[in-house]
Every structure is written in structure tokens, then in C-alpha cells.
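In the part that follows, the structures are each spelled out as C-alpha cells.
Both complexes shown next keep chain A, but they swap its partner, so chain B is in the first and chain C is in the second.
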Partner chain A sequence: MSLSTQTESRANAPAASAEVDASCRAPVLFLFTSALLWLVASGSLGLIASLKMHQPLLLVRGAELTYGRILAASSNAFLFGFAAQAILGVTLWMLARLGGTPLVRPIVALLGAIIWNLAVTVGVGGILAGDSSGYEGFEFPSYAVPALLTAYTAIALCAVATYLQRRERDSYVSQWYLLAGLFALPWAYLTVHSLLLINPVRGVAQAAINAWAGAVLREIWLGGAALAVIFYLVPKLLNRPLYSRGYAQIGFWMLLVLGGWTGLHSGAPLPLWMVRMSSFASLLMIFPLFVVAWNLHVTAGGQRVFGADCRVLAFAGSGLVFYLLATLVMAINPLISEAVQFTYYSAAVKHIAFYGAFSMAMFAAIYHIVPRLADADWPCANPMKWHHKLAVAGVMLVALPLAFAGWQQWMGLLDPSADFNQISRTAMRAYRITTIGEILWLASSLLLVVNLVKLLASRFCPCAALASCTAESNGGAR
Partner chain B sequence: MNADTQKFSSLPPEAAEPKAAAGAFPIWVIVALAVVAYFGTVKFDESDGGFSAQVFAPYVSTKQLEDFLPKDPERIAFLEGRKLYSQNCAACHQASGLGSPGQFPPLAGSDWVKTEGPNRIIRLVLHGIQGPIKVNGLDFNNAMVPWKDNMTDQQIASVISYVRRNKDWNHTFSAVTPDQVKKIRDTEKSRTAPWSAEELLKLSDK
Partner chain C sequence: MNHAPLLLFGIFAALSTSWFGLVVWPQLQLGQLQPVEIEETGQIYPSARSGLAQQGADVYRANNCAACHTQQVRPGADIARGWGARRTVAQDYLFDTPVMLGSSRIGPDLANIGARQIDDNWHLLHLYKPRLVVENSVMPSYRFLFTKRAIGAKPSLDALKLPDVEAKRIEGYEMVPKADALALVAYLRSLRSDAPLFEAPLPTKPKPATLSAPSTNSPAKK
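And now, the complex of A and B:
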């Protein structure tokens, strides 16, 4: 009797982290590498779009490179090339690690990731070829969607199966957010696809559905993934338990319930109750925001998270600060959105949410996870430091000028006698600075890609002696 | 944990996977949430346009929108009549106006309604009717209560107009004005008993 219990408990004991990492190696490294390549592609397209705003004669050879297509291609490459793959990589690894069990069927996840990349390539190509669906955030043409769905299902099934087989029965906060995001993306995407593209509903319902799906992606999918990473890394790297499970639960459920309602602007051409409901939900978002901030504040117990010496923690801290900033600004948005609704201000807020909050958290995750999968530390510490500085500067240099330009437009539009062209020209002066921000962002992404290629080459390619810089401790593996 | 495996790794050892502790949850967060939610709902209720799909900013209620619609007195009287009919008449005569065979006579297509003038039907509604009555060739024997004390001239005019001009019943007879009702009410001031069909048929229908 006692013998069998002992055997059973040994079989159910959490797997060694090395075993877990080995099972995740192929799919997660593939997902992260291709995510970062898509990040560079998206950044390049974003830079061209930013340039074309004030240099309209640049690249005017054909319709493929017009502003509207480039911008949509850039944002979709970001969302489904970079963000989706980074989130899926984090999800697979974290569900396996926190569940104390090896990844289920890594080969299926790897195949899914390969198909996903092909589908995203088709989708971005389709947008450039003029087949955009025309719904913001969901511009991929219909013919790219079945392959996307197939690939996603394959990867998500591995993730869910891994979670169900977990040997650590108590779930942790990060697992909640990642699982919610795992279901949120296909839910939102299929709603848009079936109700707006295959069998379109009529009238204002289209705008309402698009706004809801956009909010689900922004708040639950991207925001939830950022929180999952931050909630994992802060206690892990500080080696302290998370302060309160109850706090985390209320933050999680409020985000889940309210997330999709937020983000409609006052004055949006939708029935009044939808707009008011959305404003109310945005206001209530202050609570999950506060709960997350307080929980992490007490967890850190006075240790620095934002601006920490450990680079991974510094990335997570920047992501957290940008997340709090973006959510706070969105919560007070209903008060001012009537004034700023047609200005660059909303683009500034979106930039902070996507490139500040979400991307920084994902960089932290990639810096933390990759050395464990490769079983080798980052070869160079300096690029990591510069990546952080350039990325923060890049986000600020896009968001602040956009916000300032938005403020100028707001002031201009308040004056009924002002010439609209003059308002646009005035705002364009600040807009030019965003091009510098885009360049810095692209440079910072390239630093990470180069660092990753060096790491993988030194680890997996025996002939390459690329790891030339001294491997001083940089916190990546700490 | 996992000291064995970490020994052979090139990475420094890492901390155990994070766990959530049971830190105290301050009740004032819940209280603050409830207070904000309460006042938010009150504010929302005042300005949600009654969940109507037709109310868009800057308007806040369906009443505001109705005020923009052109006023048609006959339409307003018809709507009032429909409301009164469903409250007071439909129990016996049915919403369809077909009544119940053998018990309550029909109004839709009824020869008592399809008269040229409303002379008899106004009296019938004012004082009620009792005893045998032949409607569209069928015999009924029942009682209808008087409405003179429960309805104003305006209301009686509206409900009879509704019955006489209801397009669903293919009725396109003349409407009844409150003045017509008042005139008959004054003429028959002394009457307290309900009418009989015989008495009414002696009167001119105009």
C-alpha cells in the first residue's frame, strides 16, 4: 500500500525543469525566432508608412506600397507575426513549466508554427496585393484564415493538453491569463470573420462588432499575455511569492468581464447605450489596474522592478509601467474622447499599449526563456542594455509626438474658423519626429535578432565561433 | 529544486516556480468597487437612452426623438384608442375584434359598428346594453357595462374611433369627436338603465 502510494507520488511529481525545457525547445525557439523576424518586418513596414506620411513621393511605384496597405500590413505583421507567435511561445513554455510537465506533442506545435508562418505570409502578402478585409486589426483576406485557424488549433491543443496533464495541481496567475488569451483570439477572430466577412450583419452592428473584437484583442489577448509574463517574472526573479492570490483573481475576472466592452469613443456612430456602457467599463478598469499594481508592489517589497539592474526585470518593469499608463489613459478616455476622437491622440495611446506594454513584456519573456531552451546564456550583455534603452526611447518618441500632435489638432478643431489643411500641416511637424522613433524601434529589434542569432549559432552550429564578446553575467539567465 | 540537473547546466541556478500567497485582501477595495459601481449604474441609467437602438448621441431618450416627429392628431387619438381598447374592451370582444361566438358579439365587420353615423354606438358605450341582440344575423344575450362614469368624452371618442377606423378590420367609417359624445351624454343625462337592442334600433343611426 505504502509502496504503491510512493510510486504514484513519484510519477506525479513535477518534472525537472531541464526536462520541461528540452520538450519545449524546438517549437518555442522556432516561434520566438520567427516572431522576432516578423517584428523586424513589421517595424520596417511601419517605418515606411511613417515616412510616407510626410514624404508622400517616396516609393510611389505601384498600389502595393501605398500608405493604406503598408500600414495595415505593418500592424497585422505585428499582431499575427510577432505578437501571436511570441504569446504562443510563452504559453507553451509557461504552461509546461508551471504545470511541472513536459510539453505534449512538441512536433505538432512545431508543425502548427510552420503553417502559421506560411499563413501570415499569405495574409500580409494579400493585404499588400489589395485584398484587405477592411476591418481594423483583422485585415487578413479570407483565404488566409483557414490555414491560420488550422495552425492555431494545432498549437492551442498542445497547450491545453499540457495544462490538463499538469502535475502541479494548483494553477498560478500566469496560467489563467494565458489560457484566457488562448481562447480569446480565435473567439474574436472567428466572430469578425463570420459576422463581418462571410455573412455580414447590417448597419451599425458591424462597427460595434469590430470595436468589441479589437478590444478583446487589446485587453484580454495582448494585455493578458503581458500580465502573465509580468506576474511570472517579478516573483520568480525576486524569488518572493506573489503577495495575494485573491487580488490576482479579482484583477483577472474584472479584466475578463470588462475587457471586451472598453474602447468605444463618445460620439461614435453607435447607439448611445453601447457608448455609455463602454465608458462605464473603461472607468471600472481602474480597479483591475489598481489591483495588479498593488499586488506587484507588495510582492516586490521595496525592491526595484522598473529600472532594475537585472535586464529581464527591467524589461518587465517597463512593460508594467507602460501597461498601467495605457490602461489609466484609456480609463479617462471617455471624458476627453469627444475632443480627441479624430486626432493622433488615439494612435498614441494604442502605440503605448502595443509597443510599450505588450512588446516590452514579451521581450522580457524572450530574454528569460531562450537561454533556458538553448541551455546557454546570451553571448553579449551590451546589446541587451541597448535594446532596452532604444526600445523605450523608440516607444516614447512615437507616442509623445503623436499625443502632442493630437493635442494640436484638438485645439485647432475647437476653432470653427480654422483652416483644416492648416491644422493638418501644424500637426505634421510633430508627426515627423515619430519617424525617428520608428527608426530607433527597428534598430532595437535588430539588436535582439542579432543577439538571438549569435546565441543559436554558438549553441547549435559547432563551426561558428561567433560568440566573440565575453559572456559576462547580464541577468538574462538569472 | 532540481539541483541535479542544474549542476550540469551552463546557466546559474534559478529560483523555484512562483506561487501565489494568501495575502490579505482589503475589504475597502470591494467597498470602493461597490460604491463606484452603484453611482456608475445610476449615472448610466440616466443617460443610456433606455437601451433603445434608435437613440444616438447627442440625444438621450426616445421621448426626445418622438418630439421631433410631426404631430398627427388623428394618429395620436388612434393610438390612445388602441390602448384603451386593449385595456377595457379586448377582454370580451378580443384584440382581434371577433368576440366569442355565442357569448360576446364581434366588433370587426359588425353591422352595429358599420353604421353611417355613431349615434347608437355612442349610447351603447355610455350606458351599456342588456338583453337579446342580433349581430350579423347571429343572436346574443348578454350584458355590457356602462362606461359613462369611467371614461371621459375624449376617451370614449378615441376608443369608438379606433373601432370604426381600424384598418386591420377593414373599417373606414367616420371618426367620433369628443363633442359628439358630450352632446349625447347631455341629451341622455337622466338615463341610468342600460339600453336594449330594441330601443337603440328605434333611433336613427346618424
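And now, the complex of A and C:
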């Protein structure tokens, strides 16, 4: 099905769509392209980390390729290379589109995006060079952060100015989530930068701050962006109005209030009330989850979202299913956290949230938005189908073995006299499968990159005839 | 929610609840924490690390050892496993920056490794090639912390004391730990949180012999 011919269910200001898309073209296409290149970089590093985990004698000569450094580099490249730029691209375009107004100062946003990429490069390089900050999720060395925040401010100001100048007065749920995320990231990072990196507070208060910032990133920034995309695409592509704005508000505000509390775990060396509050907030997350699920369920009105024929919808549907799954599992986590905490199970849940829920939603957004900006359809639909299959398989083949390995660790650790090394070795057998999952994931990302490059080449390169679909359509699916 | 300033203020207010709870309040509650005198021993706890151990903490941070090792003992199973005599509490981390609690246990918890394993050469061998001292260990080798040198007229004093099999494998050469390796071992040796605290007493009244000061390094396990 051709994407650009689908009807617009939400009314933008008349005749503004083309103008809006033109204003977003340079910064958003740049953000998406570089986001996907970082996704490939992060996937490659993740693959090496996965290999090194079960081949501990691989690549041991250089400090740069130590497992710990590669892992941190991979996850930071994912968060700030891919996720941040994908979210910013979606934010700029969606705030402009839903507001019915052209993007304010696209050149500033483009400059910001270029600086952002330089800062992320410095940050990832710094981690590999051994300058990691040591705070999980925020490992960039302190010298990379000022440029990062400056670039972010430039892009965010364009986004906020665009929102304030909107001609469509009614705001939509996607805009709320995106605006919240727009503030949440710099707030979290500024807190980390000032209270952990520049002028560190004493002792375990650092751990509390790190947990708060991490939870804000996971729940409000990544989770909120995924929901923004899903709430935008599901009603639009199904051509049905959103069921309830009231439910959407409840879900939104509950996520915002609860999200930041959810990062602590039982047994942490922190005052008990903090841990209790955190567990309680995690359990309460069931409510926004239910509200979101119900709202979208009624909106869809029985139409297939998960296995939909329309690929964009299928991506959004997979994102939604993974989101509901991850949030549900995280919500009931306090009940079993003593057993599964520190095992591969936690890694499995995180993987579903980041690579399942968030990334799938972003892929849906990219597939939906890019043809509008480039004013050209995807050169071929086949890679899109394969991308979806490979990506879902990749996520499952990492998450399921991890969850199984976590269960094995749990069972093994029940006996306090059992040999810990033996438990780790037993769990390692299932872990090996994750390498296959990482390969599939990387291949799927490459497919999208190839497809995007072909689309951009056919649109913006004079030698457009070269970009034919048939010959290399499955080139990345090795 | 169509009124932009109201929406933006609402977002700000909603986010600040958890910010006050987990960023500002811990600072008010824990920010004034000071080292305390341990009643039984008269020692001040915790004491700051030695310079070498502090450098070792940097090596630990740079290589993200926390990716596989936690430094926190939870009440219950962790203690039964012998990873600590008591749970860890805020007091134990007073001089750590960054605090590296860790979130995953591919390897064992290290909160009390300084009490469990007191042999420097064991630690160095373990970093050089974990499988030399722990059968089928899943830990990678930290070979880059060592220099391979041809043995001259006589072996260096600071060379690693290798088991025969490994010594034969690299015959004519010796492995000399770099400064980073020595610092990292000093840091690992400094890791112990077994001082009896008011908020985390040792579970049973220990005999005077096991209630030793950190400098004597009595093993907590075995």
C-alpha cells in the first residue's frame, strides 16, 4: 500500500501539510539518518559484547575492547545516538504537523543536530578510551556533556517555539508526551551532570540520583515517545478517532508523576522509605498501562494492529505489544525482585523495553514520516517486511534466552551453598543464543539504512536511475 | 490541556515530585552523613582509601567492572552465600565517587572481596587469566593490564608468580603487572563492609578474634 496516499484523519490547517513538511525536511531527515547510523554502530558494539560474554578470551589485548566498555558504549550510542535523534526528529515533525505550522528556524535545529552528533561521537569515544563517568545510562565523560546539552537546547527551543506558534489550537495526546520528553531528558541529564559529574554529592545519594535519572529516561522519555508515536499512528492509519481524550490525560499524568519513582530495587543500601515508594510506584504503573491499553483497544475497534498488513501499522502494533509487555513485567517486578534482581532477567526486560517497545515505535514513525519529507515513496516494500520480521525475531531471540538464563540463575541461587561460578556457566548456555538475536537485529537495522539511503538517493541524487529496487533489495539480510 | 503555559507547568510540576523525592530529599537525609566511631574497636568507619586504592577505583570505573559485579549485600540470601557478614548500608559508601553499586551479577558480589580474598598474587593471576585460579571462569582476561617481558639475567622481582603450566607456555618471558593492575588489586583489597554499625549490626555476637580492624584482613568466609 502506498503510504503517502493514505488519508489524513486529523485535520491540519488547510494547505499547510506540504509547507510543514518542507520546513522540517533538512533537520528531520538529518536526524533520522544519523540516528539510524548510530543504531547500526550500537548494534555492532552490542554484537561484539554479546560474543565476548561467552568467548571471554576474544579480543583481550586492548583496553578499548573490554566487555564493560563495549557494553557501555553500545548502550549510550543507542540512547543518545539513536534514541535521542529519533525522538527529536519525531518531535520536530509531529509538533509542526499537529500544530499546523511550519517548523520555526529549521536551520538552528539542523546545526544543533550536527553538534549533537559530534558530542555523541566524543562521548562514545571517551567511554571506549576509559573516561566513562561510571553512572549507568549516563556514562558519557563530563567533557562531552556541555556540547550535548547546548545542541539539545538549540533543537528543543525550535520545537517549543513551533508548539507555541501552533495554528491548530487543540492539542493532541502525542504532543503532551513529546513535550514532556523534551523537558525530561535535559532535566535528567542536567541533574546528573551537576550533582554527579561536576560536583558529586556524597555516598549513596549518587545511586538514588542515578536511579531517578535512569527511570525518567526509560519511562517518560523513551516510553513517552513510543506512546506519542503509537497514539499518533494507530488512529491515523486505521482512520478512526481516538476513543477518549480523558483516558489519554489520565494515562499521561500518571506516567509523568510515577515514572521517575520506579528506578530503585529492594535491598538497595538506601533508606527503606525510598525503596518502598519506588516499589509502590512500580505497582501503580499498572493503571496508566491499563488506561493506555484500553483507550487504544477501543480506538482500534477490533481491527488488527499487531499483525496488520500495513507495515507501518505493524511496526506500531509490535511496539505497542512490547510496550504493554515490558511495562506490565516492570510493574510486577517488586513482587519478585529479590529473586530475579541482578540476573539476566532484568536485562531481558530492559531489552524488550528499549529494543522491542521503543525502537519498533520509532521505526514506525520513520517509515511514516520520511516519505512525506522526501516527497517520495519507499523504493520497495519488501525490505520493510523483512525489517519487521528480522527485528521482531532479533528482539525475541535476545529477550527470551536472557529471560530463561535469568530463571536458571534464580533457581541456582536458591541454594546458598551452590557454586556461583557453576550457576553463571549454566546460564551462559542459553546466553549464547542472544548472539544470533544480535545478528538478526543488526541485519534488520542495516536493511532500514539501505532502504533509506536508496530513497534519499532516488529523491535527491541526480543519478536516480541507479537506485532500482530489484537487484539489492535483500542486500542487508545476510 | 490546550493552554500551553498550563500544560508546560503541569509537566514541570509532575516531574518535580519524583525529583524532590529521589534527588533533593536523599540529599537532605543522607548529605550530612559522617564517619562514625565503631564502639567495639574504637576505629573510625569508613576511612578514606589509600591513594593507590583510589587509583584502582578509577581503573574499576574506566573498565566498567560494575557491568558484571555488584557491590551491595542484600539482607538474606547474599549473606547466606557468604558475600558479607551483614547487609550494606549508606554508611559503607561514604567515600565512594562514583558509587558503583552495579546492577547485574554475572560475577560474584565484590562488596567484601577485600575480606574474602587477601592474596595479592591471586588477584593478579585472576586478572591476568581468570581460569588459572577459578576453573572455567566466565570472566574475560585483563591481559592488557600486564606487560610481557623477556626474562633477563634473573627474573624481575615484581613479575607475576605464574603456575607451572602457564610459565612453561610463555617460556623465556615473564608477565609484569602494570601500575593499573597493582592499583586495581589495592582497590579490591580495600573493599570490605563488615564493620558493625548501629543500623547494620553483625548478625551474631562475634568472638573478639573475628572482630578485627580492617588492617588485619581476616577472611569473612571460610
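The rule is simple: the second predicted complex is superposed on the first by the 451 of 478 C-alpha atoms of A that agree within 3 Å, B and C clash if a C-alpha of one lies under 4 Å from a C-alpha of the other, contacts with A are read in each partner's own complex, and residues count from 1 in each chain.
Keep in mind that, in the parts below, contacts are C-beta pairs under 8 Å (C-beta built on N, C-alpha and C of every residue); 3 or more make two chains touch, one makes a residue touch a chain.
Bear in mind the structure is a predicted one, so any value in this text is a computation, not a measurement.
Overlay on chain A: chain B and chain C fit together in the combined arrangement.
More chain A residues lie in contact with C than with the other chain of the pair chain B and chain C. Residue contacts after overlaying the shared chain place A:P146 against neither chain B nor chain C. In the overlay built on the shared chain, the residue A:Y247 is in contact with chain B alone; chain C does not reach it. Of the two partner chains, chain C is the only one touched by A:R61; chain B is not. In the superposition on chain A, A:K236 makes contact with chain B only, not with chain C.
With both structures placed on the common chain, the touch criterion links A:L283 to chain B but leaves chain C unconnected.
In the superposition on chain A, A:W212 makes contact with chain C only, while chain B stays out of contact range. Seen from the CA centre of chain A, chain B and chain C lie at an angle of 50° in the overlaid model, rounded to the nearest 10.
For the overlaid pair of complexes, the smallest distance between C-alpha atoms of chain B and those of chain C rounds to 6 Å.
On chain A, the surface touched by chain B in one complex and the surface touched by chain C in the other have residues 170, 266-267, 269-271, 277 in common. The residues of chain C lying in touch with chain A in their complex are 1-2, 4, 7-8, 10-12, 14-15, 17-19, 21-23, 26-27, 29-31, 33, 61-68, 70, 72, 74-78, 80-82, 87-108, 130, 134-144. The touching residues of chain A, counted against chain C in their complex, run 52-54, 56-57, 60-63, 66-69, 71-72, 130-136, 139, 163-164, 169-171, 176, 179-180, 183-184, 187, 191, 195-196, 200-209, 211-212, 215-216, 220, 249, 253, 256-261, 263-264, 266-271, 274, 277-278, 281, 338, 342-344, 346-347, 409, 413, 416, 420-421, 424-425, 428. Put simply, chain B touches chain A in their complex at residues 1-2, 4-6, 9-12, 14-15, 17-25, 29, 32-33, 36-37, 40-41, 43-44, 47-57, 59-60.
Residue ranges of chain A in contact with chain B, taken from their complex: 16-19, 97-98, 100, 168, 170, 172-174, 231-232, 235-237, 239, 241-248, 250, 266-267, 269-273, 275-277, 280, 283-284, 287, 290-291, 295, 298, 371-372, 375-377, 473, 477-478.
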